[in-house]
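Two complexes come next, and they have one chain in common, chain A, joined by chain B in the first and chain C in the second.
For the complex of A and B:
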């Protein structure tokens, strides 16, 4: 159980974390989603102990953590660039913590070997103990970094953009691996990412952070379907946002309407909206086909671009003419309305 | 795709099109050699040929004030049977080892401070430049400045007397091996600081964070992570220092009162009295010693892999 209470951190005049409070359940896999500069990495570094919070306290299993130095926290940290020791072999990298930690280091070489081999096996690198770091691929380096952190039995494992340095294929494989490893060890994993899909896929809960503040903490499907604010909706990259002047008629109350791309229907111009529907007229610009999904781009008279997504497994692609006007229709109750229109500008 | 329709586009396309076979130009064929030629020529003329000449001349016959191109081993036999010259060789190696040791002992912590503890890159550069400031005066002045410092009534003795740490002035400070070593260490320590500081600056901070995160203390991190990663810098610094110390003659001439003779001093003396063959022998021996030292240092650290 990890409790973060009222953590603040500023760099000069810039506020990196502004009263962040979180509680992480035992054994939970938590995603921390936010754009760059949102303070997500800072929070991770404060938990690890690399940075000191200006205010606030962190409790691990009820005991305050912030006064402890890094090497006594029992918090594992896998950094973005992996930070492997380039002059040591894979085995010696993983063995580093066991051999050299100040608190009860493992002296017996046989015991070190047993635990390192076991951990290399767990991350799928059983054969590669003798390799030099320079001889590894990106994905293998990631696994070594993970093994090196996990072998010392941390209470928490912090992952700073763990998949950022990997290519798309590897990323998918690693997500599966990460989840399997998490399940095996049953400790808290906190996974920082700027990628909304990764955050939704990995976390049992997703924390959305922006400008040092927590915007939402919820299960992935809640965050996806019911974003708590306009900013959250924007990060998800799945929502179109409309000022009221973009919409035909007084369809909604004051504020900004957010509607998911795949909930919009394209109709011929002149379509008359029925009672529970909202409608706007837009010009078709172009379409982008990506296998199972096709995305249509429309532009509103205000210049704003609207994206409409058809999942081809349950919708037929529409035949649209570039430059022609169409009616974009959605069910009013599926849209969300946030705040005053001013923040949308 | 839009087809090129206007004449200029077509014209420029035809130049590069494969339908006109490009004649291989002579620069393509000989380019590599042409680029290599000036450097190779320079090295041959001013390094390889003189070195071979020196080896050759060391076998010439030495007359009182001249040499004859008659091959003989006499100069070599004289060199290795004279206790003065063999002694100079031993002193040279001895002083080299001591100076190298102290440049490391003084230089490494300095570099560690500059490269690791000064966070600001600008401050880092300023401090490194400060290390080079002594080089803004001439070599001779830097060496001679040690005389008023180390003499019997010099600054060091005066200070120690004033502080009551000694009752009589220490007289081994000047015109001994000690003064030569002090002078050399002061001049050459910078060449150890520079390369090591550069290597330290290159160490990714996240490595140190990772080691700390894994539970290691500072001394352990230094021993197992930081120091091994700076070894190439130490090797480069050691090579700089070694080459310069082994070829030294000015510091020992100015600060030893003729008491410390290095191979360099022997060469200067022999050349001065026109004993060319003999000077050549000493030169070959000195070059061989340097070669062995550099080879050993390169062997200890695989620079090609680590730089």
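For the complex of A and C:
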């Protein structure tokens, strides 16, 4: 169990973390989602001990962690660039922690070999122990970094944008691998990412961070369907936001209306909204087809762009004329209204 | 620029002239070192080619009016001194550069003080050390005052080399080692040092060569036992014979040998790094 209480951190005048509190359950896979500069990496580096918090405490299984130096924390860290030791072989990279750690080093070569081989096997690099780091692909480096961290049995494994340096295909494979490895080991994983899909896919819970503050901590489907604030909704990249002046009639209350892209219907202009519906009139601009999904772009009189997403597995593509006006309609109860219109750009 | 033949020609000519100026004096000395002896002097024409003066250096010629060069002890001293200076300065330079990775209070000021120290004229430094040691009643010696002066002189060079090396060093590699439970001192030994070793070699080379032929500071700081540059200078005041040229050729060959060893070590430790770089370019 990892407990983060009231952590603050500033770099000069810039506030990186502002009173962050979190509690991570034993064995949980937690996603930490935020845009760049949100403080997500800073939080990870503070947990690892690379940076010192200005205020606040971190407890691991009830024991305070903050005063301990990095090498006494038992917190594994996989950095974005992998940070492998370039002068050592794959085997020696993974064996490094076992051999040279301060607490409980493993001296017997046979024991080192057994544990390193076991871990290389777990990450799927069984035969590559003798390779030099330079001879590895990006995905293999990633696995070595993971094996190196996990072989010393950390209490927590921190992953700083672990998939950021991989190409799209590899990224999908690694997410599956990561989840499998997490299940095998049963320790806390904290996965920092700026990619909302990755965060939702990986985490048992997702923490959304922006400008050093926690905006929401919830299960992925809750974050996705019920974002706690306008910022979270914006950051998910799946919501259209409307000021009241963008909407026809006085359908909604004050504030900003958020509606998910795939919950909007496109109707011919002149469509009259039924009672529980909200409606706005917009001009069709263009469409973007990507296999199972088609995204239609509309523009409002205010210049704002609205995206409507049709999932082609259960909807037929709409025949729309560029430059023509259409009615965009959604069920009022499926929209969320946040009461801070000044944030709406 | 590649397709301007005139400019290319001019630059080529310039390079040739530059190289000529760099090596011509040494080549002249090398040629004259094969002058016949003991009657041949340090000037052209060559009376006839011989290796007399090389034999003379090692005392293999019958006694003549030309005394053997009094530089045997000085050579040993200079080598020991250069070696000790190299080890000390590189160690201090590496540690200081390591300290500068964290911007400690006053680090800017300390940096400028260290670097400005390089600008002080050497003769004055030597003179100053001589005055202070006389004042303090410390005897001047090649292993004491001179060693001190050499370390002070070469330390900033080693420091700057190591600072450049550590500036490019990827900190996350060290962090990775700490996070594995490896304490910082051991991390430095097992990870940082092997990775910055090419830089350490460069710093060592700088310190060694600077110390080995240091003259102005040593002139006043050395006391009675001379270092090699002082001993050579001493022979000039009597009469110059080609034996000094022969010695020059040998010591230069020795330097080349050291450089070759350095190059070999460097190539070995850089090859791996280069492979990484190439690999990443492809990926």
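Keep in mind that, in the parts below, the second predicted complex is superposed on the first by the 345 of 345 C-alpha atoms of A that agree within 3 Å, B and C clash if a C-alpha of one lies under 4 Å from a C-alpha of the other, contacts with A are read in each partner's own complex, and residues count from 1 in each chain.
To be clear about the criterion, a contact is a pair of C-beta atoms (placed from the backbone, for glycine too) under 8 Å apart; a residue touches a chain by one contact, two chains touch by 3 or more.
Treat the numbers as computed from the prediction; the structure is a model and nothing was measured.
For the three-chain model obtained by superposing on chain A, do chain B and chain C clash or fit?
Result for chain B and chain C: clash.
When the two structures are overlaid on chain A, which partner does A:137 contact: first (chain B), second (chain C), both, or neither?
After superposition on chain A, A:137 lies in contact with chain C alone.
Touching A:11 in the superposition: chain B (first), chain C (second), both, neither?
So A:11 meets neither chain B nor chain C here.
Looking only at contacts as defined up top, I'd like to know whether chain B or chain C touches more of chain A.
Counting contacted residues of chain A, the larger count belongs to C.
Of all the chain A residues, which ones make contact with chain B and with chain C?
Touching chain B in the first complex and chain C in the second, residues 48-50, 70-72, 75-77, 79, 81, 83-87, 96-97, 100-103, 148-149, 152 of chain A appear in both lists.
Which residues of chain B touch chain A once you look at their complex with the stated criterion?
Result: residues 204, 206-207, 209-217, 220, 224-225, 228-229, 306 of chain B touch chain A.
Spell out the residues on chain A that touch chain B in their complex, using ranges where they run on.
Per the touch definition, chain A meets chain B at residues 48-50, 70-72, 75-77, 79-81, 83-87, 96-97, 100-103, 148-149, 152.
Which residues of chain A touch chain C in the complex?
Contacts found on chain A: 48-50, 69-77, 79, 81, 83-87, 96-97, 100-103, 132-135, 137-138, 145, 148-149, 152, 154.
For the complex, give me every residue of chain C touching chain A.
170, 172-173, 175-184, 186, 190-191, 194-195, 272-273, 275-276, 279, 283
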